[in-house]
Amino acid sequence: MIRFNNDYNRGAHPAILEALARTNTDSYGGYGQDAWCERAAAAICAELGGVDVDIHFLVGGTQVNYTVIAAALRPYESVVSADTAHIQVHETGAIENSGHKIETVPNIDGKLTASQVRTLAEAYRTSTIPEHITEPKLVFLSFPSEYGTIYSLAELKALRAVCDEYGLYLYVDGARMAYGLGAADSDVTLVDLAALTDAFTIGGTKCGALFGEALVLKNPALRRHFRSYMKQNGALLAKGWLLGLQFATLFEDGRYFALGRRADALAMRLKAACEAKGLPLYMPNSTNQQFVVLTESQRDALAGDFIFEGEGTLPDGREIVRFCTSWASTDDELDALCRAIAAL
Amino acid sequence: MIRFNNDYNRGAHPAILEALARTNTDSYGGYGQDAWCERAAAAICAELGGVDVDIHFLVGGTQVNYTVIAAALRPYESVVSADTAHIQVHETGAIENSGHKIETVPNIDGKLTASQVRTLAEAYRTSTIPEHITEPKLVFLSFPSEYGTIYSLAELKALRAVCDEYGLYLYVDGARMAYGLGAADSDVTLVDLAALTDAFTIGGTKCGALFGEALVLKNPALRRHFRSYMKQNGALLAKGWLLGLQFATLFEDGRYFALGRRADALAMRLKAACEAKGLPLYMPNSTNQQFVVLTESQRDALAGDFIFEGEGTLPDGREIVRFCTSWASTDDELDALCRAIAAL
Amino acid sequence: MIRFNNDYNRGAHPAILEALARTNTDSYGGYGQDAWCERAAAAICAELGGVDVDIHFLVGGTQVNYTVIAAALRPYESVVSADTAHIQVHETGAIENSGHKIETVPNIDGKLTASQVRTLAEAYRTSTIPEHITEPKLVFLSFPSEYGTIYSLAELKALRAVCDEYGLYLYVDGARMAYGLGAADSDVTLVDLAALTDAFTIGGTKCGALFGEALVLKNPALRRHFRSYMKQNGALLAKGWLLGLQFATLFEDGRYFALGRRADALAMRLKAACEAKGLPLYMPNSTNQQFVVLTESQRDALAGDFIFEGEGTLPDGREIVRFCTSWASTDDELDALCRAIAAL
Amino acid sequence: MIRFNNDYNRGAHPAILEALARTNTDSYGGYGQDAWCERAAAAICAELGGVDVDIHFLVGGTQVNYTVIAAALRPYESVVSADTAHIQVHETGAIENSGHKIETVPNIDGKLTASQVRTLAEAYRTSTIPEHITEPKLVFLSFPSEYGTIYSLAELKALRAVCDEYGLYLYVDGARMAYGLGAADSDVTLVDLAALTDAFTIGGTKCGALFGEALVLKNPALRRHFRSYMKQNGALLAKGWLLGLQFATLFEDGRYFALGRRADALAMRLKAACEAKGLPLYMPNSTNQQFVVLTESQRDALAGDFIFEGEGTLPDGREIVRFCTSWASTDDELDALCRAIAAL
């Protein structure tokens, strides 16, 4: 069985394991105050076009999302996201558990738009009873989105403009950042994200690390006492250098970007195989997650050799399934999958 | 200016003020442990068909809603409501502030349906990753709804059935209970509500009291330590007898029911006046809130003598406005409003 | 039986009931935006020495305490209070329920000192691992304290100085403010409280109103969006004018101050009776709560005619009991109690 | 510089790194549902004397503490701990942030006693106003304590008895479990902990792993939906097998126990060196943390070659410092430290 069900089913890039082995007997200061975290932060900073930021390293994606939101919002303030956002549908109410409402808007290709944000923000601004409603204060989006689609630079600029106009934070969950940046048709870079957002993450768990998310905090209001929020939310890893070491290794010689490009290219081979076979794609995209519509018999045929994930059923009974490539996918694995699709 | 903007713009039924004056120098035990609360609870119980319940008296509607939900749900459990539910749109995120997600469904005439609840509950039951999503555990509905419509007995029975099937609580916010029960076409009684729900409220603030909501708790799981939840949430009034006295007075000789019927009858006069004039009604209903679609000039004409509430604008620019009758509305006030409508 | 168990066992000053009756058929805007609240705020402001403040009216004491603290603190910030503080011992963990730690210091005569606050604040400031501990950010004290003792002006000034030095808020719970101001040996006025605190309350529930606490917010950081916090915490009364009307009436012609002075004077008669009889006083004070140490037989003898409250047992088996006078206590009641004490 | 400042300043036991390298290209199911977690759970279970438990693996200690407490307690329930407990003093209010009060008792040698717990539980049980106070519901203790002392089997049995009598949970934070079990004078085994507690952790981070805490849940009330609590609190590691692999390796051939015994033995050499030199020990104990009282000049002399942690200052100006040995400490390092102490 070959796993295409997600992008976190294997260990880490070999260079990371080598670094772990090499440093295993070294001793370090705790809680992220060590030379590896400094080095990783510097390596990431070097990609951000010179903006002034703080960089923290956290273990997981849910954790970083609710910790950032806990630090950003007062109790009467809410998050704006697409109805398909990870925080809305797959984090067990972690945001609400930290006290904050999520105001959702209907996703358009897995994304939200500046216009949707404006409508909510304007409704609050012009409300005659603002104390009865929450104030939209932070826009959450995933890059790429939960459906693999990506925001264009123009879309991000429009979101930034509306956030500026209404005083909202713009926060980007980059759990799959490598795959967003690596898409052939993406015009967004880390420099853009640093310029346009108040905070964003650079995912390690799904992009070559054993675990870990780098959090880039630009807005000073989010940077104050952030380590207190981390500790309070269980997000201050005792051996923080393990995170620094991984990100330093990923950002060495452009490795992170290369891993993303390669996985996206493999995904495009899968996409081409589906198109050649006439299999419909659900929310077509250019990143590492491909959502394919299959009949029950097609699904069963593929399930003999491949593990993939069900993502719901269409009204006509066909299923949407997700195939993920990753930094760890091999050409042989893709060959096998493409052959199997051709043989359906 | 005559106020039709809401049903809480005047004091209380005169019998309540008389009781307050009569007992002002009596002394009582604190925090709802007094003879008035006992008497009020007994009077309400007598209307419930003999089911075993606890009855508590709280000051306000937002307070009672989030306190019940805090007592009912574990952190990973969520509320199901219509997207128009008061807790979703007008309580400043109070439910989320207490840690719980609200899963909304699109309202149908201001209401949710058993079928919508079933879909959510079944999705959780059959999820392969239940730990990543919240468990729908409490159905919230308002009777009458926020748009004045009422659930039929058959609809409530269907909701009860699906709640039983999936282990959900059914909770009814009865802030305007008098007006729901008083509707000429309602087939629901307090006996039905006691039989079909796990908990419901009987509103006083909008139905003849100075303030106060009676909370009927039937499900034993919700009854344990409820006074602790009240105190923790600022909902244990020091001079609790003030609440008991008001509800005892409202439930004397069927007064509560009579007040509701009368206000509904006045609202039906208003409805007839609108229909006679050809003014469209938004979500037509038979209770005390009438939502009328007006042109800007019609609105301005009425705004000269009456206070009413804007409820949004239609795509064509016309406005939805709300007129509320109440226990305190007079025939003269209705006459004036109907004349003004006829003269538009 | 005569109740001395607390100061909230009777209705309200007759002038309040008269005002309620007089205005019962008037109609008002909701949620505290009405002429009565304006008038009450103006009457209170007139006592504050000209400082710029916002004044809100809330129903209850627990509610106002946790709402202020929710508005004041970020999640990593904590409250400093005496170990006897109401929020620590008698509010069912309401502060922690809103997410905040209370750091307690051992009370000295029911109070905390500037020096104790300094020690905690300095420990945080000089901590090498500040992210592992909460930041003390708000000093909570009750005036008078839970044991009836009062802070002197010098003590309050010292607390203000340490709060200024370390950037802490100073918040005073004045649930029994009338009795604190009315003490013969108090040198503190509302002008002082307005000058020295960031926020404080003026209690109505225990001082002549049916219910209600006036909240004076001076620090701009606490004033922003406070009505949102009120609504979210169930503290925005629909018929808010009921609160305004009560406070306007209490602050008419110095009535509030007179009620406090009178109750304190009655308490001093009780204190004198105890001293004459040789009954020890626990934390002697000059306000309306007198804590008396009784043997079991003394307690039983008094319990025949009077209701009072047990407050714990001394190691030698004697009991501490509390007698409260209030705005509603009569000379006859005091006469009876003093005679009974003399007869022990 | 040699680090004795804590027990988490180096990577992991070499066997763990080898297992990571060996399995790096294997693919696994996510979120702790994999063969390694099963194998680790089985290995731990084999040490527990046959009790029925669930075992989960979480990344960090603060995280596991507040997640267990969030799962165990209703909002009105509180934790009982010593005033020196980690959750009280070094987790940035994480417990309160999840809504729960901690009721502390004065530590006795870093521990709490059954008698202290009984006093609090009895006070709640006999309270006449239980709704005004929180219900003590979970006893938290660390084994070994934050000061390195250990509970005897008799002490744990007494705590269990009082917990049974009053219906409290007993939860043990075993972040340094290996060192508690390894103490020469400890009479407590994992079988005892499984028999006597409702839940306890077995620390990996400080005891040979890169990171990770194994959580043993015995009480069925704590086991339901625990994975939902983990996900909601950011404690469900995507690549969960990394935790399983580490614990399976630590529990292979008694490795975990051996690591603890060895570090404790090294600590006893340090203790002997201090005693030989006449350096006072603060809270003498038999585990890997030794708290030594030093003059400023002694401290400065040692600080030239060794890193250790300040733990406060005595009234006479001397300092308490902590030296930690760990699974990674070498004989040479201890030799150097002992020589330096002898040379003071």
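By written order: A, B, C and D. Residues from 1 in each chain.
Quick note on the criterion: a contact is a pair of C-beta atoms (placed from the backbone, for glycine too) under 8 Å apart; a residue touches a chain by one contact, two chains touch by 3 or more.
These numbers were taken from a predicted model, which means no experiment stands behind them.
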{"item": "Between A-D and C-D, the pair joined by more C-beta contacts", "value": "A-D"}
{"item": "Chain of greatest Cα-centre distance to chain C", "value": "A"}
{"item": "Cα-centroid distance, chain A relative to chain D, in whole angstrom", "value": "34"}
{"item": "Rounded Å distance, chain A centre to chain C centre (Cα mean)", "value": "50"}
{"item": "Where chain C and chain D are represented by their mean Cα positions, the distance between them in whole Å", "value": "42"}
{"item": "Contacts with two or more other chains, residues of chain B listed in rising order", "value": "75-76, 91-93, 97, 99, 131-132, 134, 228, 231-232, 236"}
{"item": "Chain B partner contacts - residues on chain A that touch it in the complex", "value": "75-76, 78, 89-93, 96-102, 128-129, 131-134, 310"}
{"item": "Touching residues (chain side chain C, partner chain B) in the complex", "value": "3, 6, 8-12, 14, 17, 20-21, 23-30, 59-63, 66-67, 91-94, 97, 205-206, 210-211, 228, 231-239, 242, 328"}
{"item": "Residues of chain A that touch chain C when the two form their complex", "value": "31, 70-71, 74-76, 99, 130-132, 134-135, 225, 227-232, 236"}
